Amino acid sequence: MNSVKIGSVGLGRLGLQHAVNIAGRVQHAGLAALCDVDEARLKDAADRLAVPGRFSSFEEMISSRDIDAVVLVSPSALHTKQIAAALAAGKHVFSEKPLGVTVAECREAEKAVEAHPDLVFMLGFMRRFDESYRYAHDMVAAGEIGKPVLFRSYSQDPEKFIEGAIAFAPHSGGQFLDMAVHDIDLARWFTGSEPETVYAIGGCYAHPEFAASKDGDNVSCLMKFKNECMVFLFAGRTAPHGYNVETEIIGTKGILRIASVPQKNLVEVLDAHGVRRECSENFLERFDTAYVNEVQEFVNCIVEGRRPAVSVYDGTRVSQIAYTCKSAFESGELLRF
Amino acid sequence: MNSVKIGSVGLGRLGLQHAVNIAGRVQHAGLAALCDVDEARLKDAADRLAVPGRFSSFEEMISSRDIDAVVLVSPSALHTKQIAAALAAGKHVFSEKPLGVTVAECREAEKAVEAHPDLVFMLGFMRRFDESYRYAHDMVAAGEIGKPVLFRSYSQDPEKFIEGAIAFAPHSGGQFLDMAVHDIDLARWFTGSEPETVYAIGGCYAHPEFAASKDGDNVSCLMKFKNECMVFLFAGRTAPHGYNVETEIIGTKGILRIASVPQKNLVEVLDAHGVRRECSENFLERFDTAYVNEVQEFVNCIVEGRRPAVSVYDGTRVSQIAYTCKSAFESGELLRF
Amino acid sequence: MNSVKIGSVGLGRLGLQHAVNIAGRVQHAGLAALCDVDEARLKDAADRLAVPGRFSSFEEMISSRDIDAVVLVSPSALHTKQIAAALAAGKHVFSEKPLGVTVAECREAEKAVEAHPDLVFMLGFMRRFDESYRYAHDMVAAGEIGKPVLFRSYSQDPEKFIEGAIAFAPHSGGQFLDMAVHDIDLARWFTGSEPETVYAIGGCYAHPEFAASKDGDNVSCLMKFKNECMVFLFAGRTAPHGYNVETEIIGTKGILRIASVPQKNLVEVLDAHGVRRECSENFLERFDTAYVNEVQEFVNCIVEGRRPAVSVYDGTRVSQIAYTCKSAFESGELLRF
Amino acid sequence: MNSVKIGSVGLGRLGLQHAVNIAGRVQHAGLAALCDVDEARLKDAADRLAVPGRFSSFEEMISSRDIDAVVLVSPSALHTKQIAAALAAGKHVFSEKPLGVTVAECREAEKAVEAHPDLVFMLGFMRRFDESYRYAHDMVAAGEIGKPVLFRSYSQDPEKFIEGAIAFAPHSGGQFLDMAVHDIDLARWFTGSEPETVYAIGGCYAHPEFAASKDGDNVSCLMKFKNECMVFLFAGRTAPHGYNVETEIIGTKGILRIASVPQKNLVEVLDAHGVRRECSENFLERFDTAYVNEVQEFVNCIVEGRRPAVSVYDGTRVSQIAYTCKSAFESGELLRF
């Protein structure tokens, strides 16, 4: 079986994790090259993972014959251009979300993908590759919970990361684009439907700094989907207990809850604080296996000549919805899609 | 210590339970009389509980010198008139919710209460007397979870009661007035604030019969409160697992969940279905002690000459909010209070 | 229906709770008298509960015509004599465990009970009257878990009560007689069988003071019952999290766990300590309702002329078993019953 | 970094899983060869995993220069000889438990290992490599729960595998050697101590067939360790709910429970059966990551020239203890180590 030679771009926290995964946890793949503008960080990672190709220029990396595919974990603002350039260079592309920072950029990405039907393109909606989410999705798809009535999903970052979030706020798209996009993706995936209306609220409950960016530290929205399903999303940056991603799907015949408690592991502690579970600290810990699984699926698609279930159009659609949520939040009005 | 002689009105399921409680579980009180239009039901209950006073006429009962107070568990449409009549007859009044079936009726009830400042009037928002809700409220009041960010509350009736709900639908006020009033009361109690806006959706996911009454079998709403707190309420009639009342209060420093799983008792079963908890079957089981506690508080207020914390104005306010939620649901518009 | 006039003896923590329960939470009964050698304590309780009869002498109280029955919550060393005297005076008797402080005393109690077949005698194994234990027992009795394989039961007192336990140690019978008796009772009740062998170990893990009384701060034993069921009991005085009484019955077709987590109420807290439940603080909190239920059953037996399911012989048998466990612990040998 | 070339022996369920793991989930290692006496099974696995070396003879495989290390997942009766032969051939050895089927064999294995101090030898006590067990062990080692008081560990196989267990019973060492060895290993690892006494009981509660092999379908034992810690182990083959491995360590300052509920994943289901978690089906599902981690540690030890924390003497000691438990069970006597 052929091994897919991957060049990975961006060595931030998630980028480094992807590199480690490709180097040792993804089958039928090899980490052929790394790319980062920070030369010291590049050298450190490449040395540690024994990666032959080292590039501080993205353009140089994609012109290399030694790579078959790229994994983009670069800043969001670069995604669209890098997707187009990599595809034009004949490379398969896995890109972290978002597809682009505007809907117009997403459209550009769509065109680039359409122009290369022979190449695999996949977007990093990793929650779809988490075992628990997949198990729940299989149950829903098998009709075990009947018709979906309410889809509820939370994304909460721990308070302890708040300084970084505040610093990043002016460059961020806000909570709906930064955090709720994954919940929007799940809502579409689980319900098989699209939103019709959205009402969004929230505020700066602990950190007034977000107001300057027309954002809140905690926000929520209620949407009605075309199939009548109610969708309630909540995104927050001040979780006192840890990294909390939980989802509930109430159906007419059954209810599923995924990670209703963000348990760190299987250890229960009984002490002066009561009976307790320690919590996941961040997305890397909670979705460790999902990050491996999604890149594995990307590689499998390349090897087997398949298309990923997550298409470029999903990326655009999720961005569109997140932008509408953001507009609803900023205007305080009920918006229709 | 004097014993308060109570006449209890209405012997439906909850009425009978109140009678049993007053007869044997409430201190400083005695069940002096029962009243119901169904003579057979009246005789059965009165015999069983050895109650001396038996009335098929409410007016006769309140003119009796042998009772100090009435507990109203009669049909909602009778509440306002019975409250006024009982107060006029010099009796303390405990009434099950709602205060009235229209806001105008609630105003009448207010006037009747205001006209008798010497008599105790209390409305049956029993959840406030549940030990877990009280414990959580104390924590919130003590500032342990910081500023409230999101208040989420569910009221779900089990699917097995659906036939009764369908039959009752034309006479009912709909889900927001029938079920969500308790969640609305909790939202005001926990946040200490009032709603500004509401968006409400839902539908007939399993039972189209509710559409004829402009209602759904499952509904929800998202409200923004004056103190910025987000409030999400969900009410449903098709719960597959049992009677489910759960509440979550997300604060900036802590999160509380009350009854996130509607456990019937402390028994955990491990068998072919997995590791499981059986669920509460109905409100009488779940709020058994709360129903005792609320009437105990009513009696204590009489004995000690205190006013209950739940006022007649709370009853009006909750009805107003529920009506606005209903209008929002029926119109599909975002409404402002 | 006649009301049973009860005289309650002993006003320690549990005694006071029994008095409160009889005064206001037990039906068909009235608290006619209180008895305690501490006159101040007696006056306080009697005033608070408006009890007419007040006795500092037990003998005087039982010679009163104003009481039908006694509830004994006196020091263990007095139980046997008070049981005999009360029965001889024609009073029904409810006694807290133990029946006697030696097996010989238990035999005396048996004789006293046998001499008064017309009077109701009941022993306070309150766990049998806890709703969760009853629910589990019904399931086992209905064959839902098949044949019992392993019965495991823990009784743990919180560390914060350790000073009292150390002070009381020289007068106590040790852990098996003080604490494990309830687990022994449950084991016999759930399995319907009797022990054949016992091996018992333990030690002073945190508090060497117990060694002087040939006791440990934590002990356990493994017994084989006649029906082959394995029985593992653990009793400890250093629980870091609270008052923990939990039981597991593993059967060939199902497993039941009662209170596997000593949750204080239905509130879940998510904060810096993780996701947690606060714990029961003591036996009065955990078995609040069970203490009411057991005295209610005593009263019902009197009113209805029934015998309680818990007999005096159960009291003797449990004491015998506890003494054998104690001997096994002290000798380090495997003992046969 | 050098890649360790591994030859894996035995292609039963666990053997196949080890092969899959080595081929794709263990870093710095490659699956160079497979060995099984069943040629069809060998071809299938080798084709599927693209393994160059294929051997139906163990001796041939270890004489190959293309492998650096062997992983033994062969029948227990072959372990000792294969360990010795592989070491003699200059190969590093990872062997599944047990070290040998008698203590004498374990001693032989010790000698073989001692004769090759330059080669890495490691035994497959995979639970030590499960993340939750490691996390708990770290907490205990850091003193967070104080002094260990009670160590309780269960190993339960689901009833649905009972036919295979009955068929294998005559060739098996019984429950203590087959199942409880892992709990014995954990007990020593967590307490850092050794047993002094053991009392063991059990029986055939559902399946009399085990009696012919002097075994039971469910057994337990209570041991006192030298550091005074009480150790209670339970092993059963009739679990109604799934594969259940759980451990509790009660300390003087805290209590830890590992996998007190054998949850399959993070999905909670609320339906007609209540609120429930589905359970792990078997050891491969529960310890999936642990099986990868242990071989990874073996490989890391080879690459880094380290010795594994689990020594050959641990293997002997665990076997000795399991044999003593077995003798105690068969004799019904209290045994001292």
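Per-chain numbering from 1; labels A, B, C and D assigned in written order.
Here is the rule we go by: a residue touches a chain if its C-beta (ideal position, glycine included) is under 8 Å from a C-beta of that chain, and two chains touch if they have at least 3 such contacts.
Predicted, not measured: the structure shown is a model, and the values here were computed from it.
Among the remaining chains, D is positioned farthest from chain B, on the basis of C-alpha centroids.
Between A-B and A-D, more contacting C-beta pairs join the chains of A-B. Spacing of chain A relative to chain D, judged by their CA centroids, is 37 angstrom.
Mean C-alpha position of chain A lies 56 Å from that of chain C.
The centroid of the Cα atoms in chain A and the matching centroid in chain B are 43 Å apart. Each of the following residues of chain D touches two or more other chains: 145, 240-241, 253-255, 260, 263-264, 269-271.
By the touch rule above, chain B contacts chain C in their complex via residues 1, 23-25, 27, 50, 131-132, 135-136, 139, 145, 253-260, 263-271.
On the side of chain D, the complex with chain C involves touching residues 145-147, 149-150, 159, 197, 199, 201-203, 205-206, 218, 220-222, 224, 228, 230, 232, 234, 236, 238-241, 250-255, 260, 332-334.
Residues of chain A that touch chain C in their complex: 240-242, 244, 261-264, 269-279.
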